[in-house]
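Chain IDs A, B, C and D follow the sequence of writing; residue 1 opens each chain.
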Amino acid sequence: MFYRETGQFKTSYGADQQIFPIRQDRIAIGLLLVFAFFVVPAVATQYWFSAILIPFLIFSLAALGLNILTGYAGQLSLGSAAFMAVGAFGAYNFILRVPEIPAILAFLMGGVCAAGVGILFGLPSLRIKGFYLAVATLAAQFFVVWALTKFGWFSNYSSSGVISSQDFSVFGFAIDSPVRKYLLTLSIVAIMGLLAKNMARSNTGRSWMAVRDMDVAAEVIGIPLMKTKLLAFAVSSFYCGVAGALVAYCYLGTVEPDYFTLDLSFRILFMVIIGGVGTILGSFFGAAFIVLLPIFLNIVLHPLFAILGIEISSAVVSNMELMVFGGLIIFFLAVEPHGLARLWQIGKEKLRIWPFPH
Amino acid sequence: MFNEFQSTGKAAPNSGFLMWQMEETYMAASPSGPASGSLDTFPRLLLEHARVRGERPATREKDMGIWQTWTWSQMAEEVRAMACGLAELGFKRGDNLAIIGDNRPRLYWSMCAVQMLGGVPVPLYQDAVAAEMAYVLQDAEIHFAIVEDQEQVDKLLEIKDQCPALQHILYDEPRGMRHYTQTFLQGLDEVIAMGKIHDKNQPDFIPAEIAKGHPEDVAVMLYTSGTTGKPKGVCQTHATFIAAAQSGTEFDSLTENEDILSYLPMAWVGDHLFSYAQAMVAGFTINCPESGDTVMTDLREIGPTYYFAPPRVFENLLTTVMIRMEDAGAIKRNMFHYFMSVAKRCGSDILDGKSTVSSSDRLLYSLGNLLVYGPLRNVLGMSRIRVAYTAGAAIGPDLFRFYRSIGVNLKQLYGATETCAAVCLQPDRQIKFDSVGKPAPGVEVRIAPSGEVQVRGKILFKEYYKRPDATAESIDAEGWFHTGDAGFFDDDGHLKIIDRAKDVGKLAVSVGGAMFAPNYIENKLKFFQYIKEAVCFGHDREMVTAFINIDMGAVGNWAERQGIAYAGYTDLAQKAEVYELIRECVEQVNAELSHDAMVADTQVHRFLILHKELDPDDDELTRTRKVRRGFVAEKYAVLIDALYTGKATQFIETQVKFEDGRSGKVAADLRIDDAKTFPAIRKAA
Amino acid sequence: MAFFFEVLIGGLLSGVMYSLVALGFVLIYKASGVFNFAQGAMVYFAALTFAGIIDMGVPIPLAFLGAFVVMIALGVATERIVLRPLVNQPQITLFMATIGLTFFVEGLAQIAWGASTRRIDLGIQDEPIPWILDNMNMVVSSFDLTAAAIAGVLVAVLAAFFQYTKIGRALRAVADDHQAALSIGIPLQHIWGIIWSVAGFVALVAGMLWGARNGAQFALTFVALKALPVLILGGFTSVLGAIVGGLIIGSTEKLAEVFIGPMVGGGIENWFPYVLALFFLLVRPEGLFGEKHIDRV
Amino acid sequence: MSERKIGEVILDLQNISLRFGGVKALTDISFDVREHEVRAIIGPNGAGKSSMLNVINGVYHPQEGTIIFRGEKRHEMEANAAAKAGFARTFQNIALFKGMSVLDNLMTGRNLKIKTNFIQQALWWGPARKEELEQRRKVEEVIDFLEIEHIRKTPVGRLPYGLQKRVELGRALAAEPQILLLDEPMAGMNVEEKQDMCRFILDVNDQFGTTIVLIEHDMGVVMDISDRVVVLDYGKKIGDGTPDEVRNNEEVIKAYLGTQH
């Protein structure tokens, strides 16, 4: 309905292959960025930053990471949280042990550590597929959390492995307020989102998808399976690792290995499934959904039960949350396996050919 | 100097420069004098564009997935090289060169290359079968042909023996040509490469050739599709086509910023005017679609600002719109129909800038524009259209109104091959649904006592090629061209065309001998989406009867929704339900006819639905899809008899040609139905 | 040396429990090709339900029957609501759906019975068997031995069920070839309903025994996850594999914890089975008793 | 057709035997392929035709036998090494990447031509972008060649079977192979689609000089378009020669052609 594509013709492959080939989309994304960078900092409250916006962005990044591995390269992983943990503890140790290291670099190095661990646990993917691989990634999940807890060196010998983020600054700005943390997170997520999209639309992404869709055919046309799969593990873990570093430094401040449980891995997997497997956009939708759903349930369920005259505890609400998550996963897998991103896509198509139905 | 005649909007086209003449002639004076001396041929115009707007796009083509673009200076270079190459091959001043193919940039350029050398391009209809081409090739004494691809080469090879003069065939697309060893076959690529060397060696050659050109030289020869007799080559000079293009450019204030989609046959005068002459005069961009199948997609991508299509295209589009909307959900469908009724009420008035529209209607219309009209224009590829024309056949008023009401500035135009297409145009904001507008600047129009429309002006052709007899027959001593159309001017000076003069007949004297204008009735019938073609009979008869061709798409869709199973065209056409459907249409037309005293007696009493589609391949239609009335009447005489003898069915067997050239037979028992007629409503005096 | 055997036997006995959970996986995987990640949650749900009913003052046998009915209901509901809409989807999709099911069942269990640990007293003594303690100087719990015996009986009963009943034969036919089973008129969905109920029964037995040992608590779901490495070792399609795998995992994790654990700070039994399985995968991806298949191009 | 020059032997298969467990798929098969020729492998179902192709491009590794490619001897080769050496192929059951568009599938076919690494691609900067657009241009030539412009951006899963086959050929062509292995390129097609496919195969052979090894069931097609034919039956070679020779070979008639009638 709002699309006016007539006259938007492409005279070069560059223009045809751009991320947003439709002008209205470019305008919309531009407005969204302006809104996120300039309007939100001016109007949002502390609560919004630290309870909604920052976790949303960080989990988007983690979901993006898992989506690269699971959605694009087709390798199911149940160990995303472990890679986040590696990123968090990696960044912590770099800042702790390398004097004068810029915080951003430390975050990236955290990501690199995660990528290394990712490659290690990705090795079995060369021989096994599907849920066999998923089980193998559980090994990473349990092993990493155990190692970070058991070896004090990782947490600088603090009790029960808790790390507290050091004060840090970026380009001379002390990142000490929720607004600044938000802006930093937003910048990192925006840039890494762009990079992911670029990979997805170039040979790297196509190779991943080829391996996902039909690995034998991929190999026959010359795609090296080992390299491609391990690259997916590395890039995916890198994204999760940076997300983990951001959890420690921009979201929670103090974090222990037990934060990065199997449950968190599952939640990130849910983000990918609900948001849309194999889409960049879906990672953001999924993260928003999973971050907002508990808040929404809390707001809705209490009054709802109050009307029915039933007092409910927060434990019940959180259990209901579990049930809703589980139910939604089954619902999405059955009804719309491509998630919210596909719904968005369908809606967009409808608008593009409006008023025609198809 | 060139800028003079593309002055943007300074001369308001409707500023009253029409004068009334006693012998019922309208003439529009040309506000800007004759074209300046140095820019009076197409090659000179090209050089000027390359100089003035060298970096602006001249030609685009959807190829290899994107719109390949050539600027004016690139185009000038290509044309120049092509001209040199042709000269190298021995092409001489005064030679005619055939151009056959879909709308391809290099085919358009070759026209100018030929003109550079003082030759005459002769575009042919690309879908003509070989035998049809042979006549033109012989008649125009073609030595050179530039064709699109292997398909066209094969056709020419088939008739090469009949055209001994044909010495060179140059092809644009080398695909599939590897194993053709004939020496007279060459790729355009080679010719251009050859030309580049030639140009380097003799850089003065082309400038000298261009200098030799004269505005009165023949610039192009267009063969009339000829509803009767053999086609005739209409010779148009640089001067005539430039004049025609110039007057249209002024009339609609066209600028170098226009985009036009060039998808109509290059041999058709309309395409030559819009895609070649006007583009060359105004310096705008022509866009060639990827293929015939992708025109609609390409139209949507390009979004032309200036658009030309015969009524058939608009009609098909509207049919598709209606069919697609049928599938929409109830809410959306109701919204669509509601806003379409709003548009019908006030849309064209708003487009015309009339102040009579109420503010509530304006509000509703702008809401509709957001929800329906804007998106609709967008999906149809018409968002950017400033001016759209239709011509070639009369357009149904409702069809015409539809496009105008959704904000597409669709106008009608009247003309012929002999007049460079542009005789009358509808000025912006003075649109009448049943007129073709006012005479173009510099064109005189009068109505002969016989009712025939006659034209005089700079746009008149020079002659029919090698047919002085025919030339003398159609241009009289005073220089009036006899169009062969019957029409009249209304009180505002707008020309209305009723029919071909020779087609206008009379009912038998026994029933009063009323005027019978078959086209008029047929057009009314054809406006129904279910009716693709209609042929009416009635001259010297007691009543009017009709052949109907159903529209397979629309009727098929309708049948599916009704749950009617059918085995194919012939089967569907003979279904009782379909007859019922068509009868309702016929009766509605009858009701309309009964309102107008002039035509009330010519209501359709009986009709039948033909078992096959009328087809140019079977000579029933011209290449521009006009009915060959005489031929059809003769071919289906047995059916006409059946219509007038009151039979309820009639068996018929017909030869048909298939697309691959094979022929076969279609046979059927055709039903014949009666339609209700209405008593004439006489206006109270 | 006696200590070694004591640890080994303790491990083997807890391995029996793993086998029990793994058995549930194998049953469902064989019959419907679904890797039921929710088996652990079902164990938890069954244990809580059983304990909950007992806490209402119902005698143990009746409580067991009641819990069994609930598990059948859960199994049938799962087949209807989760599996039917997903029929013909890739296995990996079904797998993810069972992760969703896991969350759902866990949430449901805690809402129904509360999240706190419930004790289950089956009246079986959890003391070292004096005879073994005296003669071999090893601590072997009578409870563990009883549990192992129950598990053994259950496996035998299941084997008989598959071998000798009509439903059992139909189940095996389904496991071999879905299409063929359909074509000879075996009602696939009916069979799936039954198999999920049987899996529910196995979960109930496992939940009851684990619950009696450690209390019916959320940690059960993690214990149940250990069944995954068991399956990788044993192969997804082999009942025998599930048992042998369980014993191997149970014994090696205990041995590793006791003999290697102290060197790295302990707690390795959390991850040791997974890493073991991981290495095993690299060597023999199809498992000890699984069927090897060749990718046809 | 007549002008096409058939060159030297470029692929020589000697005494190939392949077993799966105890099952013999190929037994002691030898034949050669000359440069620029169209070589057909025919035989009844289960004759080992697909296994033969899989051996040639390294999906299966024969237990015995030698493969000589351009004078170099190899016992076995990994599939993607074969791709690098210039082998491309299509599969009997279409093996397209279902989640991707036609364009992306063809682009994937060009993966070996891509030299930039993932970091450059992530930045979409300079060489990576240039390379990507260059590949697009090449792929457009294939699209043009196979006349699939109208489905360029359609996900392949949505295409009808015949078009999918054509896209798969396109993906193989995009790699600019020296040897093209086609596994039943016309299976399941109607007459018109078969004609198109034949034309494309011959055009590829003709315009690019690509050597083609194909498996096909339609005898008419095989006899029309191939220069030489190998006949397999139960994993053994029972005939080899020009279409005419094969047609008149007693053993072939008995084992294969005879059973058709």
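One rule holds in what follows: a residue touches a chain if its C-beta (ideal position, glycine included) is under 8 Å from a C-beta of that chain, and two chains touch if they have at least 3 such contacts.
Treat the numbers as computed from the prediction; the structure is a model and nothing was measured.
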Query - Shortest chain-hopping distance from chain A out to chain D - result: 1
Query raised in the report: Tell me, which chains sit next to both chain B and chain D?
Result: A
Report summary line: By Cα centroid distance, the chain farthest from chain C is B
Query raised in the report: Which of the two pairs, A-C or A-B, is linked by more C-beta contacts?
Result: A-C
Query raised in the report: If you average the CA atoms of chain B and of chain C, how many Å lie between those two points?
Result: 78
Query raised in the report: Distance from the CA centroid of chain A to that of chain C, rounded to the nearest Å?
Result: 33
Report summary line: Separation of the C-alpha centres, chain C versus chain D, in whole Å, is 49
Query - Cα-centroid distance, chain A relative to chain B, in whole angstrom - result: 57
Query raised in the report: Which chain D residues sit where two or more other chains touch them?
Result: 59, 91, 95, 136-137
Requested in this report: Scan chain C for residues touching two or more other chains and write them down.
Outcome: 297
Query raised in the report: By residue number and range, which residues of chain A touch two or more other chains?
Result: 12-13, 16, 216
Query raised in the report: For the complex, which residues does chain D have touching chain B?
Result: 1, 3, 136-137, 140-141, 143-144, 149-150, 152, 203, 206-207
Query raised in the report: In their complex, what parts of chain C are in touch with chain A?
Result: 35, 81-82, 85-86, 89, 91-93, 95-97, 99-108, 110-111, 115, 225, 228-229, 231-232, 264-268, 270-271, 274-275, 277-278, 281-282, 285, 295, 297
**Report entry** Contacting residues of chain A [partner chain B, same complex]
**Finding:** 1, 3-13, 15-16, 353-358
Query raised in the report: Can you list the residues on chain B that touch chain D in the complex?
Result: 63-65, 176, 178-179, 290-291, 293-294
Requested in this report: Flag every residue of chain B that touches chain A in the complex, lowest number first.
Outcome: 60, 65-69, 259, 300-303, 321, 324-325, 327-329, 332, 335-336, 370-372, 374-379, 381-384
